[in-house]
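Shared chain: subunit A. Partners: subunit B in the first complex, subunit C in the second.
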Partner chain A sequence: MKNRVRRILLALVLCVAVSGAALADGVVLTPFGQSPDAMMVRVVLKKLGVDGRLDKLLEADGLQGEQVLITVVAGSSKGLGEAGIDKDAEIARMNSVVAAARQAGMKTLVMHIGGKGRRGTLTDLFIVEAVPMADKLLVVEGGDFDGLFTRLAQEADVEMIPAPSVRETSGPLEAILTEWGVLP
Partner chain B sequence: MTRNLLSGICLLLSLTAAAAEFSPDVRPGAGVTEQRLLSDYFAPLADTAMDSEVFVLDSGVPGAVGLMIGGTHGNELAGQVAALLAVENVTAIRGKLVVIPYVNRSAMSMPDSRNAVTRHHRIESRSGERYLPYGDRRTDPADQGVPDPGRYTNPPGYTLENGAESRNLNRTYPGKADGTPTERLAWAVMQLVRAEAIDFALDMHEADTPERKPTGEADYRPGGNRRLAYTLVAHPRGLETAAFALLEMDADTGISMKLEESNSTYRGLSHIEIGDNSPAVSFLSESPNPGQDRWRDDPDVVSDTRYPLTHRAGLHLRLFKHLADAHGDATGKRLEMRGIPEYEELMAGPIGRFLN
Partner chain C sequence: MKSPAKRFLPILLSLALVPAAHGVTVSPVLQSREGMVTAANPLAAEAGAEILEQGGNAVDAAIAVSLALGVVEPYASGLGGEGYLVAVMADGRETAIDFRSTAPALATYENLAKAGKLRDLRYTPKAFCVAGVPAGIGKALTMGSLPLEKLAAPAIRLAEDGFVVNETFSAVTMDRWEVLYENAPEFLNDGMPWSAGETFRNPALAHTLKRMAAGGVRVFYEGELANSLDRFMRQNGGWTRKSDLEAYRALVREPVKGHYRGYELSVPGSPVGGPRILATLNILEHFNLGLMGWDDPLAIHLMQEAMILTALDQRRWMGDPETNQYIPETGFISKQYARERTLLINLARASDPSLWHSHRVGDPGPYQDAETEYVDVVLEARRRASVEGELTDVPPSTTHFSVVDKKGNAVAWTQTVSSFFGTGHQVDGYFLNNELGNFKAQRVEGSPINLEPGRRPRTTIAPMIVKKDGQVRWVLGSPGAGRIGSTLVEILVNLIDFEMNLEAAIRTPKFTGYDAYREIQLEDEFPQKTVELLETMGHVVTEYDHPDLYFGGPNAISIAADGLLTGVGSIRRNGGAAAPGDAGE
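Right, the complex of A and B next:
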């Protein structure tokens, strides 16, 4: 009888563990610059079977034991205005989130998916801050039309991975998340 | 005194002068199950230049109800033609499709004041010669009937510095039953959205192309504002649906579009107000129209080699399909259609092959 109860309890624990892992999926997303591009990445992740948690205003104490932080960089004056923050506050927020993520042993992936259309003074300001934060950098071609990402990645010694389109970030994302243990 | 009186009379005459009438040339296909008017949803529009035709494609099978809006701005041809392509080719097989090809008929009655684009564009359709009209951005002042204010405060209370924007339909949502004719038009659209229990709506627009006047310099300028084309604006409730649709759009057509979220502080636009004032999820799409580029001397809004009408109208039409699919995936309530021209088919020849 005791063994039977133990087996049932063990099965329950396993079930909780397995379903917990499936739900958490180990990725948290936040925009760097408050553009909606992070939602595009969330959808690419969903198609990979990864249910990334998107928190537009993620703070250092908002990390929930995830393995990977993905921040999608693109400046949006409208988005910053809606969030009620300015560019300095956004940079400070990301510095503190990335520091907390590092302390927690998480990996940080910086992405830029908007191509040339999502470059400009505000975005470039965030890019300069974001690249050195990255363990890896994933950039949709066109975004690096002037070599800014290439130069910053070289300076910060960060691996930069190009993708032809947002949709085609799927392959590199799968490889990165596999390497970092989120995907089997 | 006399001069003031004469000026007043002249102003009154100019405002009450009969506006040029615009009679839309829409040639419904077999999929259209009912033709209505906006005045069926808001009676005061009847017998005015603000009334417009509504085409219903009802499968008779329960499902989602989608709304396509063309002609919000008369000088944004591709949205109107995407709506024509739907009305003249599509059959709903689950759910219901509602299409308004020329929602601001008054704006269609005016010549383009932005770039003086030719008024009528000849194409060869399935039934022979046909002309696509090209109108203006705003309601005809004669139809508005009141002078433009110095500044315009719209129904949600947002103030625009340019009073002429009081005649811009896409600044007057959610409209006003007892407002100006343009505000009443927006009100009528909202009444339709509620009466037809619209689940999702796409308002189809055009913007400047991403190109600048060739100067021999690099065409990129940080902070430049030519960024609206190839954009899908989504109400916050539709953001994830929009993201799914854009990924499918890229896979289907190779067209990469930006996602933007409605700005909740900039009021009066369809994508925020339809979503905020009804259960419908609302979207607004933008294609690149050479006719919007002020630097072009003689823009070809039909056959431009880089931005042909087939590309632009195809963009809106395919995007609508992908929004319908993504909405169906998200909610389980589907709008399924057949007869939508494939993007590659559209791009393979003149647009008239798909118009009656």
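Right, the complex of A and C next:
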């Protein structure tokens, strides 16, 4: 009986170890605008088997050799306030992070997952800055209700991939991360 | 200054009329002579209109709306929440039902000291105050004509069959995602927020509503639902017990009355925001706002200064009359006291926010006596009281709906779970409010909102009914926390002083006037010159998009002299109006 319990425990430990090891890394996440949306993307990534490192205030020297930078754009006055920065400092932060990522040969994915409800003066300010930074753009469709993303993506010659909802970003996200070598 | 009629024409009236499935018509703005319901979600408005169509009166319809909102707007109100309603019946009876929540017996400062800071408990079961919505419905049923089983049917149908999520539902779920992911992951869509266009179902809430419909509202306080909540609280460290639920009662009160330029207002009394609205209007009555306009910086300045004065008084003096010996509500809303307060307004200069709490809190006490004249009080130069303790803003959640039936019965009903999604915890399909945060975090000598078991916290809600020459003219109210008072005062001034129609009065950009905000926050459709002059007068101005949900979501009804009802659903919250039959003349 004791041996049986021991075997089960050992199997459980192995399972945990194997599943932990199965999580791919290589992705670093940061919000652009300090909304909590990047945390949702982290949950989507986990379901895809990707352990995305989330750093709300990622700086250029905070990159750790990842392959992909994902920045989730949405302005939050509350989030900026809690982070102790203003919109100009946030834009400057992202410019320097993306420049460093480019120099390191990383790909940058810009995401907007909040739909129409996550659009407004502050968010639009960040969107205008973010889209030209992207190698690809993944947008939950409601967020492009007025064609802003479509127009900016065309102007910056960035491929824009639509998703019907936050939950359904997982399919395109999986395809992008596979193309960029994070997922097999 | 621009005419609001030119900028905010009622363009929606002829658009988007939707004959709904249950013999009613739904639209953002609607006209009818058969009855009208406006609510923050068109599906809830439709539920009320369906009851009117079946022969129910305004109170019946309001109950159906209350229950339906708990399904389609679970973030703003529900069985686990509380509220206040004002009803004016066609036969002249006027009633206010106070179904505000109460602190449970274990919610004491002694237990709070052991548990941590009040602010840190916001999203835990400890923040729950005993819910009043079911008891409020129970009291309202005595004024209705249909059984609860029938009134709950639309809500049960919505919960069981599901409904298509709108932008507001999606945006709020996204905003509160972190709390929900932690406390109620089962509410989410596979761990993610609900997106507009997806179908949301709540079978647990349908089951709960069926139990209440069959067994009556006391099932929530004494039956299986009470046992279930008690069990949840014990297992999760909450303070509410079945004994608290058993002790809870909604209270029937007289509405508080006030007058503004010949209009009669019926509002709920302390500890909610009705008296402050009246006190503000009493001050504004000394200025001829009708000569100004909605975007005149002088009008904005006067209104903001008046609202700051009344917010300071509300914070110092208003509280639960059941558990406080001294609430000078009569003095607060007296015309004489308003004159004393008016003396403090400098026409050319904004008051200094750093002096608000030390130098501008008034004392309405002497005006409790109707004979008191302000001249005598001012001559005595009484020393002012001061506000102690921290300033807290209240969250932007809550929901308001209005109902008028074809006989002229009218109901203004505001309900809330405090923060959006309250504590973020769900029991039996409904969310638990977090009203405990509306008490003082620490005992402050003389404060009317010190935490005390059985006490109702103070909030800003103010459902109201406005009459002219004895006839109901408008039914209104709004969510919006610290913006409720300012938004409602501005709508009333727009209607009465600026003679706007209801839709324009609601749509016109709003601004804040509340002591928790040291600046004027305003929607960005005000002319740049207006903003510049306000800044020159010493105001700090912060602009928001127009329209922004932050400034509330009034759902209101106007009644013309010939009986024509116009319903306006909340423009800032995807709300809707619904009427029985094929409306939309």
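Here is the rule we go by: the second predicted complex is superposed on the first by the 160 of 184 C-alpha atoms of A that agree within 3 Å, B and C clash if a C-alpha of one lies under 4 Å from a C-alpha of the other, contacts with A are read in each partner's own complex, and residues count from 1 in each chain.
Note that in this section a contact is a pair of C-beta atoms (placed from the backbone, for glycine too) under 8 Å apart; a residue touches a chain by one contact, two chains touch by 3 or more.
Predicted model only: the values in this text are computed from it and were never measured.
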item: Room on subunit A for both subunit B and subunit C (clash or fit); value: clash
item: Partner chain in contact with A:V166 - subunit B first, subunit C second, else both or neither; value: both
item: Touched partner set for A:K136, first subunit B, second subunit C, both or neither; value: neither
item: First (subunit B), second (subunit C), both or neither touched by A:E82; value: first
item: Partner chain in contact with A:D146 - subunit B first, subunit C second, else both or neither; value: first
item: Touched subunit A residues, subunit B compared with subunit C; value: B
item: Contacts of A:R93 with subunit B and subunit C, given as first, second, both or neither; value: neither
item: Which of subunit B and subunit C A:G114 touches, first, second, both or neither; value: both
item: First, second, both or neither for A:M40, with subunit B first and subunit C second; value: both
item: Superposed model, subunit C segment overlapping subunit B, candidates 277-285, 295-303 or 457-465; value: 457-465
item: On subunit A, positions contacted by subunit B and by subunit C; value: 36-37, 39-40, 43-44, 47, 114-118, 120-121, 165-167
item: Subunit C-touching residues of subunit A, taken from the complex the two chains share; value: 36-37, 39-40, 43-44, 47, 114-118, 120-121, 140, 142, 164-167
item: Complex contact set, residues of subunit B against subunit A; value: 210, 220, 222-224, 227, 230, 234, 239-240, 242-244, 246-247, 250-251, 256, 258-261, 263-266
item: Subunit A contact footprint on subunit C (complex, rising order); value: 167-168, 170-172, 174, 177-178, 181, 189-193, 195-198, 524, 545, 548
item: Subunit B-facing residues of subunit A, complex; value: 36-37, 39-40, 42-44, 47, 78-79, 81-82, 114-121, 124, 145-146, 165-167
